[in-house]
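Across the two complexes that follow, subunit A remains constant while its partner is subunit B and subsequently subunit C.
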Partner chain A sequence: MILRNVAIRHGRRALAAPLRRSFLRTLTTDTLTHDTSAIDSSLQNQLKETHSIEANINALHLTQSFVPPTSASEPTDAVKDAYAHKQHIKKRTLTLGSIVEEEYVPDSLVTNPPRPEDVTLELLLASQSHLGHSTSLWNPANQRYIFGIRQGVHIISLEETAAHLRRAAKVVEGVAYHGGLILFVGTRAGQAPAVVKAATMAKGCHLFEKWIPGSITNGDQILARCGIKVVDKDDVDITYGFEEKVAEWKALKPDLVVCLNPLENYVLLHECGLNNIPTVGIVDTDADPTWVTYPIPANDDSLRCIQVIAGVLGRAGQEGQRKRLEAAKTGEVTWLPPPGLGKPETEQDRQKAANRVKKVVAKVEEEDAQVKSRRGRLLPSREDDEL
Partner chain B sequence: MRGRNLKPSRVYQTASRLLESNSITQPPVWFKTIGSIPPGEILTRMQPAQHRDVKINSRIRKPSKMFKPQPIEYEEDRLRREFYSDHPWELARPRIILEDDGRDGQKCDWSRIQQLGRPLSGESVVQRQLWLIENKGNSKSEAYDIARKEFYALRYQEEVERRVAKEEALWTGAYFGLDNLEIGMKLEDKVYEDWKEWGVKEVEALDRNRDAAYSSMPGGEEDAEPEEEAAEEEAAVVA
Partner chain C sequence: MKVSWLPMSLRETLQCACSPRPMAFNRQRILNLRPRNFTTSTRLSAGIAAPEIDFNGQNGGEGSPDYEHVFYARLLPTSPSYFTAQPHFTDDLLALRSLIRRYENLPTVKPGEAPRVAWRSLPDYRDSVGEMVKASKYHKIIEALHRLNHIHPSLMPDPVKDALNLYKRDINPFRNVTKAGHIDSLGRSLGAGRRKASTARAWLVEGTGEVLVNGKSLVDAFGRVHDRESVIWALKATDRIDKYNVWALATGGGTTGQAEALTLAVGKALMTHEPALKPALRRAGCITRDPRRVERKKPGHEKARKMPAWVKR
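What follows is the complex of A and B.
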């Protein structure tokens, strides 16, 4: 007999053979319904019984003669005394022993970043800014930033890092002083807190997720739903007078972009180049320094290094904003309003505009009426001609 | 991405051209700032930092290697290599490599091997040896022996202290057995193992039942219907 035929003949039946009753019983919930109904009935019986007992007790008037045992649960002073004793000991021994100081706070560079003048070579070294990439991944365009080779890894010169960082900080401060919009970009995992902190300090924007390609070159489409506001010299919102212009205003473009990982954000940097927007970027030994306007040679793979650099630039932005607002208090405005914004629209302007519109409408209507009357006069003669 | 695009480094020049040609009505916000702080020089190669003396006719002085970064070498490197080849298990000890302000190295005084706030490690021996060579005029092997023996003594002391501490703790009732998490994990593992046994048994039972279904003779009311189906199937196969 051929085995295949066996499968054809008996396979289906064998597979379709119903499970034994005993199995079905374990699988289905049929039996449970019996159990639950039994439990329900027993519960109801019990309730009935208790009701009947209660009824008996109530009928016997036993509750009046019942005296609760008060002496057992009467509060003593022992607990109170123990608590007071503990507090006393705590107070006496509080000053004893050694004081455990908080030695290392991992996010101290984010919460309290250094200022540009606090940047030292030791700090940069401790934050691993000198570690480049393997010598085989070298981009020879940044030869001038490299100090040497150690264990097959290029070491970035700390002096170069410090010099470029200070220069970039000056630029950020200057742009903030002149009321520019600064965008901080760091799209690698873990860079978000540093980026957000820097942007908050510099009163700029931050990006820690993907850069949507075209946000600068096609901003009107991509950023169409983003809100825009108009502020005066003291950064107070002007809520009245620019509604129409703001509604029709084009998408904003940053005046300075700080990119903490240029390798992943080539599109952003390219768009900045097309729109003539200056950029600051951290250039590791495998990155191309021509992608950015102000390269900062440093290790872009170390979060500590990123935190130091973002913090320094954020602090610089903060300083620039502070100077700008101070100057504004004395009446000096360090920036020009964007062309086309003009002065806020007042009530008088609106009335004038409305009157102008009314006049124009009236004029047009008058002309229409004249034309109609002329036509009315002309029409009969034409009919005569046709006839 | 290909080639060199110098546009980013020439934003100021571009903006001034645009202003000259009246393509833009007012200078960009950054115009003054970047005009006063121009970007640094890029793409130029410089004589790299020299970390060792080279002979005039050596290979490193080849013109093609002139701009290549040089390997950095320190005096400690050889000492370190020697120490760790002699004591490879020193590398297996956990170390803290984190620094707060980067000034930890300045706080050390290697006239003695023990340092405040820095645990004893192989690096202590290397630094102590270097200090002895530089300040006491010892030869390399002499300094190595001195530093090494100090290191051994301190490691032995640490070992004794640890043993005594453990004894004291045990005497006062400390428990160094399994902790709560480990006990919990053990219990969990036990449940898994039990489940595995139970599952194997169940699978065996199921298999047995299926085998029984194959081997049992057709009959009874349960098997009537499948027989008909089988007949139909055979008919279909014939057709």
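What follows is the complex of A and C.
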């Protein structure tokens, strides 16, 4: 029974399995001799190669006619001509064919941002400013800005966004009108172009990398090497008369900070609060609106929304600057100079100061001489010791 | 609901939460609601933020008595990058990026084919700017320069050229080309080599494979077979023993040093005759100078590293 079982167990496998190569090799002799000869020849080949591998390589025609590549290839005019040709064709065929009326240009929000009066609910909706965060991330202080919940995500009320954005635009315009310094901050990846554009329009400052903690509270240390200039009411540089005062002047502080991502910039907002600097910030549903003075409830994760808001605020700043300069032309100045700056130093002032110093020096010298002469009269013998 | 014990901010929030405004998405109810009067004004005094600006109050304050005699001047940062604490660096980076954006449609060369340029080193840049720029930040400038450098040379605009020139090193090391060897009127090429304390010069002429070192034949000059092989190793590795005559002078050091100095000298002289052999000679080790020297003796040691024998007590 056992034997029969063995046959049942192993018979099928033994029949089905092909013969192994090793068995074949033990049976036949010719394959073995073939193998050994192959090994022999490969060994010899190896020896030959190691003997003079370079000689073999050098025998090649390729290496004999080898020319090392030159580093600087001559610039050919073919590319230039082709490019000119392409531009020519483009120019000629521009007016042909159908007219594309509405065209989506990805960076148009950066290059040509909307004005505060262009802000519509449609624009805000199209730029995804209504999308908040998951309801589990909600900061309840934002209750009043929230329209509802959709698919577990808070929806920000666009009316609130528009109203707060318009108010913030008014504030930015007002600060620019009153000659304040506006700082635009957006430190998330991709926010840099919008931040720089807004700062350029509002003639303010920009920051798109990490806020250095203490730049306001310890600015004299951190911003010591950053240059300051003096401008008059028409924004023309005053180059003469303030050099000494400017060199000793404390580090500047912004008059308004626009922060596009308050969550990552708590330190900055805290410093602003300590120094009584008002702040504008985009407050998403997970952010705390009490961190900023003027919250704008909107989606701070969408670059498009960021571009719209930064652009609107930048335009507002631009408008404020324009109005300020216009007022300055008519003689009305909308700001007061910083206390302690005073009037520029003229040449006469400098001469007076120099004369005063001379007088003091002369007086001191005179007194010295008097003291010496008195001492010489009293103790003539000690004069030699002093010398 | 009694909320008077709460701080101001939470109080407002809770009042909002308890207001009859529907949170559910009930279209009918929302449509029936009268338009809500909302206000943007907040009195969230509990937060960290500064109070709101009172523009009217500021205007009223301007009516100071010496209003007419005020000299109007105000202070502004020279650069809009003032608050980055590295204004020069940030301005440079923005200028380069704006150049890239302006000329991004110009045709470029293939990735490896741009002219090789050595950009200014980080310490050099730090000196010129006067700011402690981090290496990772300077790398951003280098990346921008790299992109600009890939604009096709025939279409390179002048502003880009000027910008690139600002960041180029004064001397471009990639334009340095090693001097090719010289074959004199008699068909000789000279090569020099050094190893250990030895110096060797070798003249190579096309010929039949004769070798003279310091006026002696190879067998007389070197006792070891290995040294004899070393002298003509450059010719042997390239199968050219019977095609050149060598006349060499070797001074200083011992036999091994002289022999291996001659390897270098013969290799270099051979390269003058046949520059295409350079890769083969390099693989054969005939171009590389062996920089090893005798290690100096140190105090407390008997030789360079040997310590005196340790004696108990």
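In the analysis below, the second predicted complex is superposed on the first by the 278 of 387 C-alpha atoms of A that agree within 3 Å, B and C clash if a C-alpha of one lies under 4 Å from a C-alpha of the other, contacts with A are read in each partner's own complex, and residues count from 1 in each chain.
The working rule: contacts are C-beta pairs under 8 Å (C-beta built on N, C-alpha and C of every residue); 3 or more make two chains touch, one makes a residue touch a chain.
None of these values were measured; they are calculated from a predicted model.
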Contacts of A:Glu319 with subunit B and subunit C, given as first, second, both or neither: neither
Touching partner for A:Val79 - first (subunit B), second (subunit C), both, neither: second
First, second, both or neither for A:Asp300, with subunit B first and subunit C second: neither
In the superposition, subunit B vs subunit C on subunit A residues touched: C
Subunit B versus subunit C as contact partner of A:Trp291, first or second or both or neither: both
Partner chain in contact with A:Leu123 - subunit B first, subunit C second, else both or neither: first
Contacts of A:Arg150 with subunit B and subunit C, given as first, second, both or neither: both
Subunit B versus subunit C as contact partner of A:Pro339, first or second or both or neither: first
Which of subunit B and subunit C A:Gly174 touches, first, second, both or neither: both
Touching partner for A:Ile238 - first (subunit B), second (subunit C), both, neither: second
Subunit B/subunit C common contact set on subunit A: 140-141, 143-144, 148-150, 163-164, 167, 171, 174-175, 178-179, 181, 256, 269-270, 272-273, 276-279, 289-295, 335-336
Touching residues on subunit C, where the partner in the complex is subunit A: 9-10, 12-13, 16-17, 23-25, 38, 40, 42, 44, 46-53, 55, 58, 61-62, 64, 70-85, 87, 90, 94, 106-107, 113, 115-116, 130-131, 152-155, 174-175, 236-239, 275-277, 279-281, 283-284
Complex contacts: residues of subunit B adjacent to subunit A: 1, 4-9, 11, 14-15, 18, 25-26, 28-30, 32-34, 36-37, 39-46, 48-49, 51, 67, 69-72, 98-103, 209, 213-214, 218, 222-223, 226-227, 229-230, 233-234, 237
Subunit A - residues contacting subunit C, complex: 52-55, 57-58, 63-66, 68, 71-73, 75-77, 79-80, 82-83, 140-141, 143-144, 148-150, 159-160, 163-164, 167, 171, 174-175, 178-179, 181, 183, 196, 199-200, 203-207, 209, 211-212, 215, 222-223, 225-233, 238, 242, 246, 249, 252, 254, 256, 269-270, 272-273, 275-279, 288-295, 333, 335-338, 341-344
Residue ranges of subunit A touching subunit B (in the complex, touch as defined): 8-10, 12-14, 16-20, 23, 104, 120-127, 135, 140-141, 143-144, 146-150, 154-155, 157, 163-164, 167, 170-171, 174-175, 177-181, 255-256, 266, 269-270, 272-274, 276-279, 289-295, 335-336, 339
